[in-house]
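Just below sit the structures, each encoded as structure tokens.
Paired with chain B in one complex and with chain C in the other, chain A is shared by the two complexes that follow.
Showing the complex of A and B:
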């Protein structure tokens, strides 16, 4: 029990997890939250290797998958949030070879913010910086108590750090801006919770910028100006501030300009960083891998002859499925039939569909070819990128007959 | 969490002393502290007119089984294993400053809280600051729990 493993339940990638095993199964998990334990104990319903619903062996399934992709004019490769970096790189190579549309969940998630961070448009820091230095932590449109249960206890609010020795009561201030009183808002307390109407984020940000410039902040929804001025004062006095941006904020903004304005102003008067609250454990890894390769973080289509990537909203998974521009799909480590609106994702059931995943899900039930892979971080190792961009080495805990995701993609690529 | 007045309202309020206590209020206080059980009140159990009160009280008191010696209860169905209490507990911080106190998994056996299988488990509860000679009304674990899964009775 002395070895520590990495939890792949969310993009925090907690690396202090101890595991007890029995009969090649995970018996007890120490220190992980409920979300992480569910992930590490494995699937309740394992995916089987099938072609057209009939059980088969892995080699035939891989050959069939290769045939589908070879015969497709415009295949789509989507997923990657729950895949190792090695598998993601293979996927990029595969997409290049067959001229596929390539996208991941960030195209309807944290994509814009991660893009801005990778292009150095937003100042960011690591989670360890937050633990050691942060004194003002703002959760905007995020509820880590539910999405990343150990965020507050491991990094942002409760732990003692090098420059924050006295703990949360004296050394840290947590602020929550949200449309509802979430469980994180309850922890922040009524005085530090700013409830805004749905869609009011951009206006609230601009009001905050006015307050930081010592002007009277005004909002159309009549938010108490005194409270905004009070908040601006807290932010001004911060020695090391951080804004944890959740999906609530990103879905509410039409573009990121209000966020840029706020971050610029905050960095004029004090020192503020931004942390994207990435959900799936290696979504940021995919964005970084693709960015290194092509200069774009998602929504690309490769030219099969030149290998050059084109980028645009029309290559996003949502638009490609809505406009029915793709004619085959490979889904890896994701469940778009559950996460996308049915009006969009229904088209996936009409085209030849291949899924690679450890567990059965709604998408795999509609797939022509299903290939089970090893569960990342439990049955296979590799690397993954945490929400703050730090690369973390995953360790294998259990043996399995299933191939790792990267290996399956390599074999498909060879067979094409 | 139930308070003593809520419990008292559901009792017969006759001060019959059949339970051995001098008043129904005294019984309510002991019931809240789990020193007695609902079944220790004979009229409540036997008299049909107090049936509704008996059922309500049984429901109110029943979920807090598995109470530790010091009255600390973790509602496992509510706990999400976030570990806020593990990191916030002053005893954990004092006994394990570089482990639990710094947000990581506890490295000492002397901690009060530890997360196991996604649910917090209380141990070494005698170390808790709410008990012993120099006790104080510490609420670090209760205040920091997002789901209100910890309570003291």
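Showing the complex of A and C:
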């Protein structure tokens, strides 16, 4: 029997991947999407171990990183989306020890929805439930054809699940609500694509709640009421519905109340679950690990003496960098200089910066200390949490000289 | 050299919505400093009407700027998208992030998918390279 590995290209954590290796490299990857294949084959720009741009050994880099964090008054530890759960727990311990600001990517993406799920404010299900039961699937502000390429083929639309033996042709209806006709919208078809204006999501949700309550739906942008009523009918008849929530929706809402209202109404008249379309492979793991430790999913600052965490937007990576409140940063499994507005992330280049990553990126190019780590799911094992909250074990495929991310953090903590 | 060289290129205001692209994302996995990543990132998708207003051809470079930054990227006519005059699409990348405002209203969440820029033909200027962004 073949051995299957887990792809860490996104938070689907596909666990049916076969690989062929040659000369200590992944030569061929079977079953993964193109992004997953690229992830598992590894980057061409490997990160080197450096201090001030000069090559060094890992022990010296770890000692320097420890010195930077020890001397900082308000250090920031950020990243964690591409880190194992073991590394994330080490990060939490390190932040506690040095009284650091601690945050992750969810702070400016799926955070509010994950928080609501962990607090049981939103009904959710697993990807396997979707595969076996879902008959009405809404992609709202989400384009999995690009962000999670196997979402539709493995779970949400094309497969023949236990209770959906006729697959997409007869047993499933896919619906897309978006400001742009995405490739996922094309798959859903023109009849099942609802194009709304930028920022129109909350209003469209409330119009849908009206339609589900047998009232005439109205929007200020004049969306065809008949189409909204028709959509409400499809949703009402769902046996097992799911809304896959993407960043398009989250960025559009000032708060989650319109989403709560819609989910409440849908569960009055039908049965609906919510799936957060988490991007990085272990972002949800970080949220769950920090939640277990502190009751917060992100945006905390620890008191080094009491170990108590304070929480609030002022401790978010964006506000901490914007307001220049931190004086050193450790970035692990992330590239904020690529993913944050430059007007915010520019400050990272002004403070002592440490990067831990398998690959060179924009952030590492501005770092005082760079420490290469093993690539999760390929060069090191550990565990991670899928977008639906299911824990998945990562398997090591190749040997490497680079230490796993958790081991680097453990050594930094020891050296402080 | 034609007379057109001395005329100011028309400038239009557009709203930008960022999106994800699996091909660009794949290139990013391989190398953030590679040509493929640059070519698939330094792009703005425009409606045919806006391309006409700018008096440019599909694939020519444009200057995209606001008070937060400025980049030169290739302008491409959108394909399967519905008409969207006044709105431009940029793939999520350091190029789009050069233009995302730092204003958050204290929420910690920038407006990644809803910000304004002005766009103008770049008269053959090369697209901004990754090393020039920072």
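Here are a few things to note about the model shown:
Note that the second predicted complex is superposed on the first by the 415 of 416 C-alpha atoms of A that agree within 3 Å, B and C clash if a C-alpha of one lies under 4 Å from a C-alpha of the other, contacts with A are read in each partner's own complex, and residues count from 1 in each chain.
Just so it is clear, a residue touches a chain if its C-beta (ideal position, glycine included) is under 8 Å from a C-beta of that chain, and two chains touch if they have at least 3 such contacts.
As the structure is a prediction and not an experimental result, all values here were calculated from the model.
With chain A as the common reference, the superposed partners chain B and chain C fit together side by side. By the document's definition of touching, of the two partners only chain B reaches A:160; chain C does not. In the superposition on chain A, contact is made by A:341 with chain C only, not with chain B. In the superposition on chain A, contact is made by A:152 with chain B only, not with chain C. After overlaying the two complexes on the shared chain, residue contacts for A:171 are found with neither chain B nor chain C. Between chain B and chain C, the partner in contact with more residues of chain A is C. When both complexes are overlaid on chain A, the residue A:33 reaches chain B and chain C alike. When the two complexes are overlaid on their common chain A, residue A:186 makes contact with chain B and with chain C alike. By the touch criterion stated above, A:361 is placed in contact with chain C alone, chain B being left untouched. Of the two partner chains, chain B is the only one that A:17 touches; chain C does not reach it. Using CA centres, the angle subtended at chain A by chain B and chain C is 60 degrees, rounded to a multiple of 10.
Closest contact between chain B and chain C, by C-alpha atoms in the overlaid model: 7 Å. When the two complexes are laid over each other on chain A, chain A has residues 33-35, 37-38, 145-146, 149, 183, 186 in contact with both chain B and chain C. Interface residues of chain A facing chain C in the complex, by the touch rule stated above, are 9, 33-35, 37-39, 41, 43-45, 107-108, 143, 145-147, 149, 179-183, 186, 195, 198-199, 247-248, 251-252, 299, 313-314, 316-319, 322, 335, 337-346, 349, 359-362, 365-366.
Against chain A, the residues of chain B that register as touching in their complex are 79-84, 86-88, 93, 97, 101-106, 114-119, 144, 146-147. Of all the residues in chain A, the ones that touch chain B in their complex are 4, 16-18, 28-38, 131, 145-146, 149-150, 152-155, 158-161, 167-168, 183-184, 186-187.
Of all residues in chain C, those touching chain A in their complex are 15, 17, 19-23, 25-27, 29-34, 68-69, 80-82, 84, 87, 89, 92-94, 97-98, 100-102, 104, 106-114, 130, 133-134.
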